Amino acid sequence: MSTVTPVADPENDPRVKAVFDDIRATRRTDFINNMWRYLAFDPDLLEQTWRDVKRIMATPSTIDPLTKEMLYIAVSVANGCGYCVHSHTAAARARGMSGAQHAELMSIVALAARTNHLATALQVPVDPVFDQG
Amino acid sequence: MSTVTPVADPENDPRVKAVFDDIRATRRTDFINNMWRYLAFDPDLLEQTWRDVKRIMATPSTIDPLTKEMLYIAVSVANGCGYCVHSHTAAARARGMSGAQHAELMSIVALAARTNHLATALQVPVDPVFDQG
Amino acid sequence: MSTVTPVADPENDPRVKAVFDDIRATRRTDFINNMWRYLAFDPDLLEQTWRDVKRIMATPSTIDPLTKEMLYIAVSVANGCGYCVHSHTAAARARGMSGAQHAELMSIVALAARTNHLATALQVPVDPVFDQG
Amino acid sequence: MSTVTPVADPENDPRVKAVFDDIRATRRTDFINNMWRYLAFDPDLLEQTWRDVKRIMATPSTIDPLTKEMLYIAVSVANGCGYCVHSHTAAARARGMSGAQHAELMSIVALAARTNHLATALQVPVDPVFDQG
Amino acid sequence: MSTVTPVADPENDPRVKAVFDDIRATRRTDFINNMWRYLAFDPDLLEQTWRDVKRIMATPSTIDPLTKEMLYIAVSVANGCGYCVHSHTAAARARGMSGAQHAELMSIVALAARTNHLATALQVPVDPVFDQG
Amino acid sequence: MSTVTPVADPENDPRVKAVFDDIRATRRTDFINNMWRYLAFDPDLLEQTWRDVKRIMATPSTIDPLTKEMLYIAVSVANGCGYCVHSHTAAARARGMSGAQHAELMSIVALAARTNHLATALQVPVDPVFDQG
């Protein structure tokens, strides 16, 4: 079930092939997951999405790769994206997330959701000391 | 603007005082932020919320304290809780989050939101390899 | 701060006046809250919104009036609508919601948010016995 | 998988039949999609939902039919409604949405989600010039 | 499709068995739904989640059991949790929710979503009279 | 109230100045709204965000400029971003959105939210004919 038809041989398009090749090289795997196969219906959208995923997620930076994946899971759960929860949980495992860390991540996400709803329900005013602006 | 009236002298209630004292001791500060002052309208709700925030956020575990706060921010942004974004950004700063890390956190949250919406819009089917169940 | 300019004398428009009069009669109060004053920028939108709010919320039915308001609060919290949380908490109080019931409502909403996020994070498959379709 | 049992012969109920007939006439097709078949468990809910869908979506107005469907898709993606994304993407295609327009719609929805999350994360204050109220 | 692997014989773990036994005793049924079977991958998470679900949902209080389940459904719909909508609709039916009440619940949830979006779109300012804080 | 401190003289940074100059030239106005002033705390984040906003929103394409802004509003409402609703409503007005179109946009967004919640509450199965994948 999808709203676009995946292209039969997407790598016949040289722009798609270039992106797929870069995904394989960056991730050191032959596996191209469905997100990229479906985005390939529009090479512009595919190129721009991959460019930023690569830059943000696959470039060494001030946040370590496992933490990045756990942050991605946290946002994806709150936004209710089942596909994204699946793909980034797999990515977090591939970067070493243990079962204990996974359970703790679940606890934090669930706790945040709980207090998010409480603060919204109570309409708690922001403490002036928190203001940076 | 709030939906509950904060109690004038909440610490006259010994259960509220016990929670506030524990917040001060756990966080090593005299400051009690509004979330707790407003939750104090119901001591049960206050106790149960603090018990779990303390257990999950203030106990050494498999995820470090700064990462926990960044995960909390990520969920709070996606759930649109302004109070929570403010309070946990302050907490992350207190645990050492640099300006560069803050900016990178913003990039990751924004990227996840972007691909969450793309995957939902395309209704990308989950790759069988991601299934753990 | 609003995205539309409220009309200075909205009841100069007979369609707006008719809706405002019906709000006053239905609610037995002279007070017209901002939601209706701002919707008055478009009489069609005002009429259609009030027609359904009146039919669903102010007509005796199989769900009692206080429960209806608590359900409205629950949805409004989850959708992050501050205005709606404020107006329907006031309405629930006017229909007799006690402080204890308010606190319990908060607990239920927060618990639901917590398990909503857990079920999404785990991608728990629906038990076949739950299927009615 | 559904939470209600679709009625076996829904058109035995004359109110359901009248709505289904109007859907067929309005859309010039014999096809009744599942949304209406499942809503038929309650004729009131079916009638009121169809009345407003027809009035807003199928009546000539200041926004053209294709734009209406693209707006519907945009909201449905952000609200995470898979059924709605599917049905309104099909409706947009039926009203002439090209592949390029579909890809561009995806880009806009994803960009909005990205800056929505950035503005919420930064808690950017609204510029006074934007205020109409 | 799930992000965790359910344990083959979860009740070999005495902590899991104790929770499952308490679920059976509290609900007076042998049926353990998938939510608990999947949470069993981490006994801490299982225990803490069940402890609060039992305390809030299965203890006599100021909100009756059917209303609690309808509130749970309302939040779960707004948060887009399909699993939770299924499980709590089944629970509400088991507590006596009629078809008419189900349809009315749908109407209220849909109406709230509609005015939530209107109030957010118009950015309606909160009436000072609603402020309790 | 913000979570970052806007830079006092942001255009002292040549990268920030270049972006602000391009915003002014692209939009033919001297006004730089707060979103960009706050994003300026991190020139990378500022540059990348503006680059894509300009490319997607300010480049002639298959969707006209007013429709783009209305789509942006629709997503921003559903995601509950008050800042974004304000800024893009102003942008839509600048591109010619009439009061009648604004009211109709509100109607469509509210209708979509309503049926989004109904389809999620009923867990309506996707009609096979909608599947493109």
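Note that the chains are named A, B, C, D, E and F in the order they appear, and that numbering of residues resets to 1 at the start of each chain.
Just so we're on the same page, a residue touches a chain if its C-beta (ideal position, glycine included) is under 8 Å from a C-beta of that chain, and two chains touch if they have at least 3 such contacts.
All values reported here derive from a predicted model rather than from experimental measurement.
A.B. asks: Taking contact as defined at the start, I'd like the list of chains shared as neighbours by chain A and chain F.
C.D. replies: B, C, D, E
A.B. asks: Sort the other chains by how far their Cα centres are from that of chain A and give me the top one.
C.D. replies: The most remote chain is C.
A.B. asks: Based on the averaged CA atom positions, which chain is farthest from chain B?
C.D. replies: D
A.B. asks: Measuring from the mean C-alpha position of chain A to the mean C-alpha position of chain B, what distance in angstrom results?
C.D. replies: 20
A.B. asks: Mind checking the centre-to-centre distance between chain E and chain F? Centres are C-alpha means, answer in whole Å.
C.D. replies: Distance between chain centres: 34 Å.
A.B. asks: Mind checking the centre-to-centre distance between chain B and chain C? Centres are C-alpha means, answer in whole Å.
C.D. replies: Going by mean C-alpha positions, chain B sits 27 Å from chain C.
A.B. asks: Among the residues of chain B, pick out those that touch two or more other chains and give their numbers.
C.D. replies: If we look for residues of chain B contacting two or more partner chains, we find 1-4, 38, 45, 48-49, 52, 75, 77-82, 85-86, 89, 100, 105-107, 109-118, 120-123, 125-126, 130-133.
A.B. asks: Counting only chain pairs that touch, give me the topology of the graph as line, ring, star, complete or other.
C.D. replies: Drawn as a graph, the chains make a fully connected set, so complete.
A.B. asks: Mind listing the chain B positions that touch chain C in their complex?
C.D. replies: Listed in rising order, the residues are 1, 3-4, 41-42, 44-45, 48-49, 75, 79-81, 133.
A.B. asks: Please output the residues of chain A touching chain C within their complex, sorted ascending.
C.D. replies: 73, 77-78, 80, 82, 85-86, 105-106, 109-118, 120-123
A.B. asks: Under the stated contact criterion, what part of chain D meets chain C in this complex?
C.D. replies: Within the complex, chain D contacts chain C at residues 1-6, 38, 48, 52, 126, 130-133.
A.B. asks: Name, in rising order, each residue of chain B that touches chain F in their complex.
C.D. replies: Contact set of chain B toward chain F: 80, 82, 85-86, 89, 99-100, 102-103, 106-107, 110, 117, 123, 125.
A.B. asks: Quick check: in the complex, which residue numbers of chain E touch chain C?
C.D. replies: Per the touch definition, chain E meets chain C at residues 1-4, 31, 33-35, 38-39, 45, 49, 52-53, 56-57, 61-63, 67-68, 70-72, 74-84, 86-87, 89-90, 98, 100-101, 104-105, 107-109, 111-127, 129-132.
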